[in-house]
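As written, the chains take the letters A, B and C, and residue 1 is the first residue of each chain.
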Amino acid sequence: MSAARDDILAGIRRGLRRGPLPAATAAGLAERISAHRRNLIPARAAALDHSARIDLFVAMAEEVQTTVARVTSGDAVPAEVARYLAAENLPAELVMAPDPSLDTIPWAARPLLSIRRGRAEPGDAVSLTPCLAAIAETGTLLLASGADSPTTLNFLPDTHIVVLRAGDVVASYEDGFDLVRARSVAGPEGWPRTLNLITGPSRTGDIEQRIQLGAHGPRRLHIVLVDEPEVAANGPPAR
Amino acid sequence: MQPTSRSFPANILAGLADPVLQRALGLARTGFPLRRQQAIGRLPEFEELRDQGRAIKDHTLGHLDFYLELYETNVAAAGGQVHWARDAAEARAAVLEICRSVGAKIVTKGKSMVAEEIALNDHLEQNGITPVETDLGEYIIQLRHEPPSHIIAPAIHLMKEQVADAFRAAHTELAPDRPLEEVRTLCEEARAILRPHFLAADVGITGANFLVAETGSSIIVTNEGNGDLTQTLPRVHIVVASLEKIVPTLEDAATLLRLLARSATGQEFSSYTTISTGPRRPGDPDGPEQYHVVLLDNGRSELLGGEFQDMLRCLRCAACLNHCPVYAAVGGHAYGWVYPGPMGAVLTPALVGLGEAGHLPNASTFCGRCEEVCPVKIPLPKMMRHWREREFVQRLSPIAYRSGLRFWAWLATRPSLYHAVTEIASRVLGWVGRGRGRFRSLPLAAGWTLGRDMPAPEGRSFHSLWAEHQRACKRR
Amino acid sequence: MPEPVRVALLVTCLVDLFRPSVGFAAVALLEAAGCTVEVPRAQTCCGQPAYNSGDRVDAKRIARQVIEAFAGYDYVVAPSGSCAGMIRVHYPQLFADEPETLAAAQGLAARTYELVSFLVDVRGVNSVAACWERSATYHDACSGLRELGVKAQPRLLLASIEGLRLCELASVDVCCGFGGTFCVKYPEISDKMVADKGAEIAATGAEAVLAGDLGCLLNIAGKLARLGSPVEVRHIAEVLAGMTSETPAIGKPAGSL
């Protein structure tokens, strides 16, 4: 295929009426990449303080049929999950990401909640994952794949529950990308295989433009927002 | 797919006469503009973002070779592989070879216009591989053996009854008399039917809304989750994408993403925007083992540096389709190929030739609504005019039409003769039509008078009346 | 009242042939706004049919004639957004590759206006003395709207007309399907578009529909007449100039006043 590659690149240069870029220009473009400067960030979330940002996130998420339950500490999470499943008439069983950040939650306080850690399998009805960040601008969750965060948890089950720590709410997608950069080993192989930006449950408007939830992905997205007073491990970026 | 754009005049008659299509189009043509208007009304910075999006795209196109090479380097560094394809045949061959290398029997597909462009499904089927469309709209039209009629809502031309018919005919394992009146039931059925295919697929093929040079990533923007199941569950993930999808950084992608969903469906952000980089990492419990990107030229590089370069900024949001009164009148199938509406009118002749697709850039009133709503400010009417210029020079337009225009221009550059002719014409037509004030039929104007009357002229030309008026003023 | 200016009227080919009243209404409005109006005889067409058909050579020939005929005036005003737009927006593009003519084209473009926007934006007119007891709706012609930003100005002046009640179309900015050569090339699509426009007009319940472009008006009037609609179709200039009792509406017979 290298003949194709050469032809295509030659065709591009022909159209642009030049040869390969001079080294100085290429260096300038490389700098543009490594600097990855932000373009305009809307003021909507960026201009808010952290508390207002959290409120905005909740409002935007609820607009797209995400449900949000706010609890005051990690200790309250199992009760909320049990309550939610009962309220939705779902069995009290779920598959949970092996992520260590979920280990500090006292799941044993709810022994009737049947929990398996791992990736999702076809029969799983409910999954529970953490998230890397929550983007206030549009009520969007940022999840990254990894050894402890299987992507199938986000898509296979009918119901997806996300535990979000208030300290992980950020303003913009760009804030989220910086978080990924910070925790990834330098180079693309350190980047997660999958970054999911999730805004509400699955939906389609493909038939007569009438919106239907639960097209192929989860039909329910429920966030348990932990309003911890202390800042979580990631912390909000200094903005 | 084979273009049928040449038969656009016949295609539009079929579309105009189709009551179900007209009902379906009626739903779309008020809904989309309203939702877009509401979304951009909530974002004061939208206009500035349009300018920034345009600038990002123009910058990238001006340095496309650099960014594609960097992209390839980073795909490889992440454990993936880029396959360069000059044309549809090379792209199909690349996909087939990858599928064969893993003994693929079933392939799930996320929605991809590029895959339609290269007629990938037919090719896979001819080679013993079963492609299963998983986007609901694409699945429906796959069952009906028809092409998509819209670049983001493939089944927009259908009402739910036709979907129900297609499901009843195809899902023969289900009770034939089951109720399928509700949209909800149809969606549930599709979900249940397609789930086993997601799980059984050997290879998953998606398109890409963006390719990111900085990280070697591909980005898909969806709402259903089918694209994500397609690219996560099988052993192999193949991305088919054309050259101009590349953007430099994630920040650049974020700017364009802010424009995309709002322009397309009026959403703030799509349900699922997914950034994929390479295959699964060591230790990942799920994800594909192989990641391939088939990078397609198929005429894009030809447009660089020419009068159609701006078309390469297109984000495939479909805002132009959704606001086009011609599209709203005739639907997407009339355009005869993969890309309908204003963007199709500009892109199709570039990809399949003016001889085949000449009607498309001609079928426009240049109302300009498309350009007005394009998130990256592509001057669509201007480029349609450029196609018309090429057509004129190449003498491809009908001789009667060209002769009529040349005669008009000849007359118009002879003012005295022109004024004499218009005075006579206005007198004659004015006199004949004075009784009713209009004509039910008029020689040489059958197209007009088929559905409309022609108002009669007042009976004198302005210039002759003005000359009289001037003489009267002088006498006073 | 600002200083008196010399205005050349660009009649437009449709006004010349079909409805001179519009031209006279335009003259009356311009004179009332303190302009002396002349009508260069050497004008025929702005060249848009040739230009939009891809015939740049003929478009340029006609454009050069226009540039010459309209040289030396303070302003050039047309009762048509599409003709004014052709000169203002497209003449400079047409001569982008001819530096000698480009300067003259740009000069003409800068002085050329659609009628209503000229009255409001340049002459500062914000009301007219006319009265017309009607409910009316207004169709924004595409070129005027999108190329020249003509939207608020007609509504401002119509609002000043005693007795006139203005109601808006549901989809204010959708093309009527005229499109110059389009209605000849693709008459069935054009017919569908004007049928939709007619339905929208009917839905407003308005007694009259107005617009600033005669192409749109002939199209709309022709469709409404075929449908047997009683809705009156007029050019906005006739209404602003108070000339509605002098000429029948477009498509209506002479005795219908």
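Assorted remarks:
We take it that contacts are C-beta pairs under 8 Å (C-beta built on N, C-alpha and C of every residue); 3 or more make two chains touch, one makes a residue touch a chain.
No experiment lies behind these values; they were computed from the predicted model shown.
When each chain is reduced to the mean of its CA atoms, the one lying nearest the mean of all protein CA atoms is B. In this assembly, the chain whose C-alpha centre lies farthest from subunit A is C.
Note: centroid distance subunit B to subunit C, computed from Cα atoms, is 32 Å. Rounded to whole angstrom units, the spacing between the C-alpha centres of subunit A and subunit C is 53.
Subunit B contributes residues 24, 27-28, 31, 43-45, 48-49, 52, 56, 62-70, 72, 74-75, 77-79, 83-86, 90, 94, 134-137, 140, 153-156, 158-160, 163, 183-184, 186-188, 190-191, 194-195, 198-199, 213-217, 223-226, 228-229, 232-233, 243, 248-252, 254-255, 257-258, 265, 267-281, 283-287, 295, 297, 301-306, 309 to its touches with subunit A in the complex. The touching residues of subunit C, counted against subunit B in their complex, run 11, 13, 15-21, 23-24, 39, 41-45, 47, 49-56, 58-59, 61-62, 65, 93, 142-143, 146-147, 171, 173-175, 177-196, 218-219, 221-223, 225-226, 247-248, 250-254, 256.
Across the complex, subunit C is touched by residues 9, 12-13, 16, 30, 33, 325-326, 329-330, 362-369, 371-372, 382, 385, 387-393, 397, 401-402, 405-406, 408-409, 411-413, 415, 418-419, 422, 425-426, 434-438, 440, 446-448, 450-458, 460-463, 465-466, 469 of subunit B. Residues 1-2, 4-5, 7-9, 11-17, 20-21, 25-26, 29-30, 32-33, 36-40, 42-44, 60, 63-64, 98, 118-120, 122, 137-140, 145-147, 150-152, 154-156, 172-174, 177, 187-189, 191-210, 212, 214-218 of subunit A touch subunit B in their complex.
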